[in-house]
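Presented below are the structures under discussion, each in the form of structure tokens.
Shared between the two complexes below is subunit A, which pairs with subunit B and subunit C, respectively.
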Partner chain A sequence: MSSMEVTNLTREKLRKMFAEGKRFDGRKLDEFRDLKIEFDVSNQAEGSARVRLGKTEVVVGIKLGFGEPYPDSPDKGNLMVSADLLPLASPRFEHGPPGFNAIELPRLVDRAIRASDVINLSDLVIEEGKKVWTVFVDLYPINDDGNLIDAASFGAIAALKKAVLPLLDKDGKIDHKTKSTNPVPLAKDIAPISFSFFKLGDSLILDPTREEQEASEARITFGISTFEGKPMVNSCQKYGEDLFSQEEIEKAMSLLPVKFEEINKKLKSVL
Partner chain B sequence: MAVKKDFKRADGRKAEDARPMTAKVGVIPNADGSAMFAFGDTVAIAAVYGPRKLHPQHMQNPTKAVLRCNYDLLSFSVGDRKRPGPNRRAQEISKAIEWALSPVVDLSLFPNTVIDVQIYILQADAGTRTAGINAASMALAQAGIPMTDLVCSIAVGKNDTNLIVDLSKGEEDFEEGEGATDFAVAKPANSSSFSLMQMDGKISPELVPEATKLASKVCEEIYEIQKKTLKDSLLPSEQEKGAKK
Partner chain C sequence: MKNEINEAHEAVEDNSTDSSNSSEPVERRPIVPGEVIVSGEDFLPGDGTRRDGENVLANRFGLAEISGRVVKVIPIFGAFIPRKGNVIIGRVADINFSGWMIDIDYASSAFLGIEECPRFINRNEMDQFLAIGDVIAAKIWGVKSKGIDLTLKGKGLGKLEGGFIFRTIPSRVPRVIGREGSMITLVKEKTSCQITVGQNGWIWIKGEKIEDEIKARKAIEFIASQVLVSGLTEKMEEWFENN
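Up next, the complex of A and B:
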């Protein structure tokens, strides 16, 4: 039964309930589930975090490795965000070549981080044009109960903020055993995260459960951080066949900084 | 208004100016419908094949046609050669284009079939997906597929704090102040809702609705070009006129 798709009956019920501002679990339309963040999922990682949003759980690990800079940016290190939708996490995930959702998730997290400039890639150069640090941000959903993108983005920045540069041994090789105290160079006051607005009928909801997410007809995800102390939108992507109106964009934009403030406060309290 | 009227751009355009647009339909005779659309140096071509039977059968939808879009860059359309074949960027954009176009196509008329939209970029100078969507929308119309509207697409964005339309590659690589923001938008011409929104950069929440409003305005110009090109393609050519006499 767990793999059954959402029925039309449920979709219609949800459409009506959302229009009245109600949800099955009693939350308000823009209310997040309980957010819990833990660290040190793996002592082998340079930084790691576990995020829970209700029953949704994502673990994020940071690894650092030597890389070659891209030819068009010899003075910059590399950032690589990947995700694997493990069949462990949901009856809907299957082994095999990545589908659209598996491609989109890391790309959205990547763009939110990259465009915010929280990582100054120029600080990751070891030898210009030849050797740089590559920061790997690896996202693994452990249990998918909706809103994976936002949860993964919270986990990614939490893990990054705790990540340290590895030490090098006398031959210049990476020593993954001993942890250094040198943090990965990040802008202190910037913490990019994403918020996804899901649309069903004329209602916009945040942090959907899997059921709510599957019933929805479109999604729009915004990456947001701060620039010179003010909230700054860094990325945006619409998903799905339904459209978003000018009014809905205005509504989302007035809610976005409020939600950002709220989650940011929580993130800061655990970092 | 967030647009600075007197803001001068490197190529002499005003903030609200798109690059010169050119369009043509029927560029691929084999296709059921085809079109070219260019913003300055960015040139996209699109071909539509279908509706035709969809194989394998399990991919068919018994209630409607499947709209299948494929977007990619030709290897020599960019500075460093692009490895042929779709990468993850192209796959993401292809899907986004499907969602951008599908709201206007009456897919319910052709159950169990597929409508293939193939979009390729011949020459890239930023704004490739927007040019591709404009071409694809015209190609669908030329293919005679029932549509409720045309889809128009434009990138709006910013250089530092200045809101600008249709960024060139040079403007996309701008790094001073708040840097560059590129915000690709598509909408059915006669609707105030958006079917594609993809952005990265730095833009304040208050400015996002201003940017989409600006995009809507420019889409009106694109719509006129698309309509005129499609209509003109139905007029007898000079040759045909001569033959009749």
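Up next, the complex of A and C:
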């Protein structure tokens, strides 16, 4: 849209509107925009998904390659999440070395996936201590209209669920010619996703548009997955200058299972 | 206040690049760059077109319009290009010794000198008049290589208080304003909001109730999305009945 930063006027107006429970697009404060997920958008990737959350759009690709295990985990495969904030997605994104957001986005998605143990990393070992599979999760925002983190986390898990483990040929190299059908070893009943609550004034909102996101003063992101049949928070990060009170965190906590259920249902219906 | 804002509109409309003022409807059709709009020596290439031998070709993607002898292309997308006399809505980005730097949503920022304010400002208390993040409606009085100069001297110009601002695509601003301000007047009447449209695509809305403001914003966003529709004013009357 534009590169003009958020103004005092808009911030004040949104603060007032949120206090009354209103938003410009008519949603409730905790209501998500229309979520659409498409699969197999890339024919080169082992798994891919395109997520649309309103006007926000993220393409996620999963690639598998050989790697060396880290010295502290010789019996485990590797997971690498990276993001490229393309300048086409937003006037805020520039070419050049990654900035704060470009580092934070993949880290949050990485933590949500890793901490939930959805990928059985020990099943990705080819030769212990020497050769393992590395799962590359690449996040490409195509359009940023706010809430990239949640959209990217939905896309990452959707793409992972559809990803396949490539076949090996006689020499032990990856056979790119034959299409594999072996799924990546995943825990079936877990789908870790993240939810970011944004705070402006005394209001908490979910799934902000860019305008709302830029006006907000603080953000807290929770990575949620399932543990013994119940939703569980397995990662959490706060950003911004404002503080969250105990009541606000409790309010977020009571909302999380509901939203988790809602998005999970949607994910399950497309998978 | 209300009157001043209305007059600010007129200032906007005077500079709008909307189609000719003739009352006869002109036909518009979508066109891509390089496409022949018309052939013939009689036609004069206007904005967004060029002459190549007999033909008048489009330089931009947009709607071709032939009004009389003049052929032009009304772009569908496009950045704001500042011109002298444009009324714009900007955000105060910085304060320095002699004035304010204003972000006007253009590649370079604009400058508002302290002497261009309608009243005397103490140099030590400049942030009491305009602080960083404040919004102003200003007029461009000069576009030079060293920068863009703004003024607040004029009807309806000055700091905007209350309401909110949002952005549409700058090339659709004439559409939002309508012929001789017909469209924006309609929106103002139906929502009883004060509205100022900046040529840089930023629009300020202030109303009594939040519902009115939201409705005005929705209406303007709807207008800006209807690129290929003719007779939009009538359509908007209908839209207001249904919403």
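In the analysis below, the second predicted complex is superposed on the first by the 270 of 271 C-alpha atoms of A that agree within 3 Å, B and C clash if a C-alpha of one lies under 4 Å from a C-alpha of the other, contacts with A are read in each partner's own complex, and residues count from 1 in each chain.
The criterion applied here is as follows: a residue touches a chain if its C-beta (ideal position, glycine included) is under 8 Å from a C-beta of that chain, and two chains touch if they have at least 3 such contacts.
Since we're looking at a predicted model, the values are computed, not measured.
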With subunit A superposed, do subunit B and subunit C clash or fit?
fit
Rounded to a multiple of 10, tell me what angle the C-alpha centres of subunit B and subunit C make at the one for subunit A, in degrees.
100
In the superposition, subunit B vs subunit C on subunit A residues touched:
B
Contacts for A:Lys177 in the overlay, against subunit B (first) and subunit C (second): which applies, first, second, both or neither?
neither
Look at A:Thr10 in the shared chain and tell me whether it touches subunit B only, subunit C only, both, or neither; answer first, second, both or neither.
second
Subunit B versus subunit C as contact partner of A:Pro71, first or second or both or neither
first
Looking at the overlay, what does A:Glu211 touch: subunit B (first), subunit C (second), both, or neither?
second
Just subunit B (first), just subunit C (second), both, or neither: which does A:Lys22 touch?
second
Kindly classify A:Glu104 by the partners it touches after superposition: subunit B alone (first), subunit C alone (second), both, or neither?
first
Pick out the closest CA atoms of subunit B and subunit C after fitting on chain A and give their distance in Å.
8
Taking the two structures together, which residues of subunit A meet both subunit B and subunit C?
none
Would you mind writing out the residues of subunit A in touch with subunit B in their complex?
71-72, 100, 103-104, 107, 111, 114-116, 220, 223-224, 227, 230-246, 248-250, 253-254, 256-257
Of all residues in subunit B, those that touch subunit A in their complex
80, 88-89, 91-92, 95-96, 99, 102-103, 178, 183, 187-188, 191-206, 208-209, 212-213, 216
Using the touch definition from the top, list the residues of subunit C that touch subunit A in their complex.
90-91, 93, 103-105, 131, 133-135, 160-167, 201-202, 204, 210, 213-214, 217
Residue numbers of subunit A touching subunit C in their complex, please.
1-11, 13-14, 16-17, 20, 22, 24, 26, 211
